[in-house]
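Residue numbering begins at 1 within each chain, and the chains themselves are lettered A, B, C and D in the order written.
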Amino acid sequence: MTDLEIRHPKFIENLTGHVSDSGIDGFLGIRHVEMGAGYLVVEFDVKDEHMTPMGNMHGGCLAALCDHSLGMVLYPVMPPGSWAATTEFKVNYLKPVSGGTCQAIASIEAMTQRSAVVVIRVENEKDGEKRIVALAQGTCTVKLAEERAG
Amino acid sequence: MTDLEIRHPKFIENLTGHVSDSGIDGFLGIRHVEMGAGYLVVEFDVKDEHMTPMGNMHGGCLAALCDHSLGMVLYPVMPPGSWAATTEFKVNYLKPVSGGTCQAIASIEAMTQRSAVVVIRVENEKDGEKRIVALAQGTCTVKLAEERAG
Amino acid sequence: MTDLEIRHPKFIENLTGHVSDSGIDGFLGIRHVEMGAGYLVVEFDVKDEHMTPMGNMHGGCLAALCDHSLGMVLYPVMPPGSWAATTEFKVNYLKPVSGGTCQAIASIEAMTQRSAVVVIRVENEKDGEKRIVALAQGTCTVKLAEERAG
Amino acid sequence: MTDLEIRHPKFIENLTGHVSDSGIDGFLGIRHVEMGAGYLVVEFDVKDEHMTPMGNMHGGCLAALCDHSLGMVLYPVMPPGSWAATTEFKVNYLKPVSGGTCQAIASIEAMTQRSAVVVIRVENEKDGEKRIVALAQGTCTVKLAEERAG
């Protein structure tokens, strides 16, 4: 979407560069790289603790990354005090991940007073090569500050 | 599905009662409660480290639980040496979770030589009350031992 | 869900036995077989006009059947004058369909004032054999009569 | 995807400009507007027979459009004699449609010997205004000609 505007610049200021150190986003070590009106870039480094005994990263790590991005991308375009919660999403895993960095780019495709639909593209960079490894699409329920107060 | 048969009894024997201590399933603390021909029951206790700063459990924990269950439910009905990997799934979150235990019941709805479709129902038990909190549906790619050898 | 109650008995009375004769449900020839508090059974006979040049039924017919069932299952449990619209769903096709009858059983898994999550199981009966051919899961937005009046 | 190449130019030649006159794509009146290496543009005019009694287009029409596009986009990049069948997809409806033209743009995001993941964006043009009305993401099973012969 191109007609969204930033309504919570402080959120961007505070979160940009922040590395999660608690929650499942802390387990992944998610870095909040960049944020704007309708988009978000986050990433984490694949570590031993993210792997399965089979030697690939557990798919649940990508699912958690997508879920996290889905809600987070909305905060800059909602007034302070609003919140967003993922209500549903779907993810396709495209390639196994065995190391390097996973970066998610989330973008808001549609948004109303009550909900937003977001798509997420996850790329894995390893040994100088970049490949798309997951695609997700989902819905967030939005509760604007004015409604919460009402 | 009712016509599946157990082809890897040792897997059931080894995994039943096992509590994950590494990987994202280890972060959640997933206990493998019960397994049979086409179904699986796993659960974890909601802890502080699973919460968001808003006071509810991070949705990514349920997404990771579903992803984990999706693959795991297949191992008992595949010959030893086969593997299963989630290729896609969709999850609807039905209620927020703030504590207690989350239990996932996964069941195989369809299965061929190459793939299986699995549905998962997640219930949260807290203060003696049980509520359904998530529903998921997805696909696993199956690679049977004989193909891997071939 | 087991705690839903019928709030629009007239809808059930009018729709039971009704065969759609317009819209995409009319193209399919959907019969509304049975309805209750939280469930719905609809079906159609697979005809030549539903097939692709490859000789199987076009997947779009099952998708349209699921979409139709998703909204329709809600009317009996909403007060007269309310409406429901599918906002999203996901479907897995499990087997190709080449003839016979396709029957969808929809059931409400969760419902609030604003939305409901529904699952649908589609079975194909042909030559005396019954097989599951599709599984769907989705969300309806609910607008209750009292809100619409308000 | 940018590294796909056209392997079945005859398919493009035959289908471009073709208007479906049978099947559920015939019911919709789908026109095959444009096709290339990894993308497809199809559209149909919203007619009375696509509407529900509520005055909006039946969601099943968009679901069928997405399903149709999902398979069709693959034919130009598979060798003649291959086939593709949708195995699963998810769609979010973003706005109601009440008339005009619905155009789907499908693009292949990932493709292997056995399957492809496709995303679809549907826009509705009415009274000179264009709005995105649906987003879909799904998987096709691919069966290449050489496998079918083997």
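The working rule: a residue touches a chain if its C-beta (ideal position, glycine included) is under 8 Å from a C-beta of that chain, and two chains touch if they have at least 3 such contacts.
Predicted, not measured: the structure shown is a model, and the values here were computed from it.
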item	value
Result of counting contacting C-beta pairs for B-D and C-D, higher pair	C-D
Furthest chain, CA centroid comparison against subunit C	A
Whole-Å separation of chain centres (CA-atom averages), subunit C against subunit D	23
Separation of mean Cα positions, subunit C and subunit B [Å, integer]	28
Length of the line joining the C-alpha centres of subunit B and subunit D, rounded to whole Å	33
Multi-chain contact residues (two or more partners), subunit C	87-88, 90, 92, 139
Pairwise touch network: line, ring, star, complete, or other	complete
Contact footprint of subunit B on subunit A as seen in their complex	22-27, 49-54, 56, 58-61, 63-68, 71, 83, 85-93, 96
For the subunit B and subunit D complex, residues of the former touching the latter	87-88, 90, 114-115, 139
List of subunit B residues in touch with subunit C within their complex	90, 92, 94-95, 109-110, 117, 119, 132, 135, 137, 139
